[in-house]
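There are two complexes below, and they share chain A, which is joined by chain B in the first and by chain C in the second.
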Partner chain A sequence: MTKGLMNLFKKDLVIAFRNALFWVLIVTLILMIVTIKFLIPDTQEEEGYRYFYDKSESKLLERILVQSGLEEKYILKSSEEVEAAVEDSPQSVGIIFEGSIEKPRFAILHQQEVNAYQKKMIDVSIEGLMASLAGVDRSRGYEIQYLRPIAEPVSGKLTAIPSLLAFEVLILGFMFVAVFMFQEKEEGSIRAYRISPSSTAIYILSKTLVFVVIGLVYGLSLVMLTMGFTVNYLIIGLIIVLGSILYSFLGAIVAVFFNNISEWFVIGTGLLMLNMSPVLSHLYPTFSPRIVTMMPSYSILFIFNETMFPTGKSITPWIISLSIMTAIAYIICYMLVDRKLMKEGH
Partner chain B sequence: MKPILNLIRQDITTALRDNLMVYMLLAPLLIALGMKIFIPSVEMTGLSFAVADTVSPQVVERLHEYGAVEVMKEAEVQKRIEKIDTVAGIIEKGDSLTLILEGNELPKLIEIYRGVMEEITFDQRFTEITHRSLGKEASMLSEILTIVMLMMALMIGSIVSGFNIVGERDTKAINSIAVSPMTTTQFVFARGILASIVAGAVAIGTSLIMAGTGVDYTRLIIVLLLSSLMTTLLALIVGASATNQIGAIAIIKLLTPMYMGLPMLTFFLPEKFGYLFYWLPNYWQFKALGSIYFTHPQSIGFWSASIITFALSGFYIIAFSRYIGKKLNLR
Partner chain C sequence: MIKVQNLFHDYSGKGQFAVNDISFEIKEGEIFGFLGPSGAGKSTVQNIMTGLLKLQRGEVSYDGKSVKDLDSSFYNNIGVSFEHPNLYTKLTGYENLKYYGGLFNVPTLDPMELLDMVGLRDSAKKKAEAYSKGMKQRLVFARALINNPKILFLDEPTSGLDPATANKIKEIIKQKQQQGCTIFLTTHNMFAADELCNRVAFLNDGKIVACDSPRNLKLQFGEKSVKVEYQTANEGLKKEILFLEKESDRTLFNQLINTKDIQTIHSQEATLEQIFIKLTGRELA
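== the complex of A and B ==
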């Protein structure tokens, strides 16, 4: 079996590289490295701007905010200026202060209607600021407990790497296993395979192995050229292997239902887009509906994040669940490939 | 004109026979519909709390003002916090409440959670706060995703046309076109017209689903017309670079981040980096679409962005037409 597997693996690897894949991966790798190293800013940008206007005569709050580090460009001279600034920038919020430090009144300006939760969160920040200016300590009414030490902030440049690994490197198998199958159908080599002594398992595993090897080289190069030797390569390698296997199986599961690349393309792209939905949870950390958490990329993204920027959280349960998912995917993949691809008439 | 129409007719017949037209037209619209349903739930996201059932109902009621609250046995709270998403735990110890965090939350989020606890446990109010909206019916997320979906629709039109060319090269059917009276220009037109019609139809449908009737459709049609050379260019790049399906997917894998990812990236980058993308027609296409769908003012106007998209795409097609003709063995 090993000899058969290795022979088929070598053949598939040669086919993969004969078709510009090598050059495509090199160019994409360069693009990703240039983007991470030179384009993404190092510091995390604020989600939106806060334009501020102190309408009071004393301008005391304005002075306090400037002293505490608020950039002068965010301090405006009239309510109209605040309105114009908010109108121009959708993510921004206008804050107009009236009254006095003892009896403050705030008018908050939004470009569009925001949800009630967001309004309350802005209220919380302003209340906190004014309470501290009044010299009141409000933190005595409750205690705070951290399960682990507070994590160090991560460089904005590097936060893109886990997403690139999950949505660029691991999905290679999903796309290309499908294309390999269509190519073999079209060339008729799948017919020759059906009458050969090789098994369905070898057929699936040889293709999977190709994308495990490519994924490992591609993914580890990306991590090494952007993060150096500061991360645990053993775990990252393990997740790339597991993820590549899983996505190759999933790619085969979907591909058996189509005859050619044109038919598959729109559905395949749609599924890949769905697979990217955990990015939203990455952007909005409290957003975790079931449909998103069910995606394999959700836990994979977390494992990559935790391995690269450790916070002390255990990743073992997630690696186990990923392994179980992969085993189930293999069983389904085997059954479908055996029934739909390895039988004559398909 | 006749050879162009013949080739278009042939492509339509193939697409209808393989149900390809149905996939091409319906699937992007279904994805857009799914996204439209999904977006409000993202925008309605607030904070998340896992609260022990020993905490008073009054506190639980107050917490509901800030986001989703799950009430559970005290022993379950820590397990819930340990899951991947960001959830703060609240339990009662003696007379006071305890806020439990993992320690890996964003600093800004920790501040907000602490602020919420202060609001709940401290009765005195320091400020009077009112909120006012300028009344724009805008959603940043929705606007960005609409443009992503439109660009995807345009790309699908190109790619399927590109696949047709690759299929002809793979099966050597291109040789029969090469010996026919059809010239490279006619071939480019034939592929471009069909790709642009399909892409345009899907794009308009996508826009109707994602943005409704509230946008300027005359402008959208103008962008789509002026983007037709961009659509053709993408189809030709796929068709001329690959000789089989594996090669085609490899090229698409490279084209997708370049076509959709790079213009999107400019949205998150400081403006000073904008000039790095001026050579890309899709950057200008993104800007033209942005001037229709973004409610906030754009630095580049609709007409200039649309015309540059057309001119740059045309320039690339002319510059590479010889190469394309040679690759496809056309006259």
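== the complex of A and C ==
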């Protein structure tokens, strides 16, 4: 079986390399890496930009800011400097203080419209500054206890990587297995396979193996070139393998019902879009209806997320559920491929 | 021995049989021709015999073992050449044979030798999608031989080939028979069938209408006459049609042979196509 599997795997790999879609994929990977690395601004850092100018005669605010440890580059010497700094950094806020402790006046400079969240943040900042000016102790009257260790702050641009892995890398198998099957149906080579001693299992597994290898190279390159060596590659690799296998099986389950990519397109892309709905849960954790959490992409996305940006949650239950889903998908995939693809007259 | 007994097949499930009560046997080492026009049911029978189509009714057995009970190792012993070339178009001719050969659990032939045999050595590194129809046909034929099969199913193996290449393929088929291979040849080319087959079956509307050796069919259904053309001194070229079953014609035939300047002698037996038309009222093509 191993010899037959390896032979067919090599054949499918050669065909994959000669498929134009494969090269589109490589270009997409390069674009994604360049975008994450150089084009997406690191919002985590930018959110902290606040430029101050103390226009008062006493310069009390300036002294308080220096005492509180604020870097001097954020304390400017004129209104013009504040304007120029805000102009350069669209996310930043300029705060100009004038007047006295008794009659303080603050001017806020911001490039864009201030949303409700930003307004609250500015309010809190001003209140904090006024309290500092008045010498009021604003230490909290409450204590926060965390259930798990506090997670490291995550760079905004890197938060996209789990989603890219789950919705770009793993669905390769889903789409490519369909492309392969339609090509074999169109050229008739599937008929030649049917009258060979090779089995349905080898047919499915050889294709799956191709997408596992491509998924691993693609996924690991993406993580390595954007995140470096700060993540657990064993878990990342395991989930890429498991996810690629599962999505290849799911892709085959759907593809056997169609004869070409045109017939497949509406249903196939519809399913892929549905599969992307867990990204909403990723962005807004309160959005987690049962139908979304049951999707394999939900588990995969959260395992990737937890592995890359640990919060102390256990990923074992997710891995177990993913393994069960993969086993069930294989059984269904085998039955359908054997019945609808390996026999004629259906 | 291959035995097909009372075979039926109904694609629609409504009692419209594409194959209707077909029975025949093929002896080991025999070339058995299956002749009929398009839609007669030839490919359906072949597909049932190779296990591609599920056996609905009747029986197909190989050395007494039903096709229903055959496992995947059965395919190690057969080779199938399809009428419509079905190749991995993104692979080269050589790769098509190499990877296909890798699916078998028996020793396989050298792909390059096979390509050489069918005249494709120079195109070995060319992708199959760039092959002409005839080249694809030859590659499919070569692929059918890769596992050195004991039984060959050939569906129109000379279709679309020029006469010289068709002759080359026919020679290979004969060589395979000499090596002990049993061959099931599906065709509507009566000349190829006549030349190659030990026995042929005429298939029409899903039924076998005649089954025998080409010679016996000709003898049974053809006009048993001989046309003799000979040169005379006064009247130039003359011809006589003689029915050799008659005593008088036999005597005249002997006289002509012994006394005249014979130019041509043609037996007047019917071609397989003429016999097919006589039996079914329709043409093979």
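Couple of notes before you dig in:
Everything that follows uses one rule, which is that the second predicted complex is superposed on the first by the 241 of 346 C-alpha atoms of A that agree within 3 Å, B and C clash if a C-alpha of one lies under 4 Å from a C-alpha of the other, contacts with A are read in each partner's own complex, and residues count from 1 in each chain.
As a convention for this text, a residue touches a chain if its C-beta (ideal position, glycine included) is under 8 Å from a C-beta of that chain, and two chains touch if they have at least 3 such contacts.
Keep in mind the model is a prediction, meaning the values are calculated, not measured.
When both complexes are overlaid on chain A, the residue A:I15 reaches chain B and chain C alike.
Look at A:N7: by the touch rule set out above, it reaches chain C but stays clear of chain B. For chain A, the partner touching the most residues, choosing from chain B and chain C, is B. Once the two complexes are overlaid on the shared chain, A:M294 sits clear of chain B and of chain C alike. Of the two partner chains placed around the shared chain by superposition, neither chain B nor chain C is touched by A:I30. By the touch criterion defined above, A:I324 reaches neither chain B nor chain C. In the superposition on chain A, A:I332 makes contact with neither chain B nor chain C. By the document's definition of touching, of the two partners only chain B reaches A:T311; chain C does not. Of the two partner chains placed by the overlay, neither chain B nor chain C lies in contact with A:M224. Of the two partner chains placed around the shared chain by superposition, chain C is the only one that A:S196 touches, whereas chain B remains out of contact. Shared contact residues of chain A, touching chain B in one structure and chain C in the other: 15, 19, 183.
Those residues of chain A that touch chain B in the shared complex are 15-16, 19-21, 24, 27-28, 31, 35, 39-41, 45, 83, 86-91, 99, 104-128, 130-131, 134, 136, 138-139, 141-151, 153, 168, 175-176, 179-180, 182-183, 186, 259-263, 265-267, 269-270, 273, 277, 280-281, 284-289, 293, 298-299, 302, 311-313, 318.
Residues 11, 47, 50-54, 72-76, 78, 80, 82, 84-91, 95, 99-100, 102-105, 143 of chain C are the ones that touch chain A when the two sit in their complex. Interface of chain A with chain C (complex): residues 3-4, 7-8, 10-11, 14-15, 18-19, 183-184, 187-199, 343-345. Looking at the complex, you find that chain B touches chain A at residues 18-20, 23-24, 27-28, 30-31, 38, 41-48, 65-68, 78, 81-87, 93, 96-107, 109-112, 114-122, 124-140, 143, 152, 156, 159-160, 163-164, 167, 170, 241-242, 244-251, 253-254, 257-258, 265, 268-270, 273, 276, 294-297.
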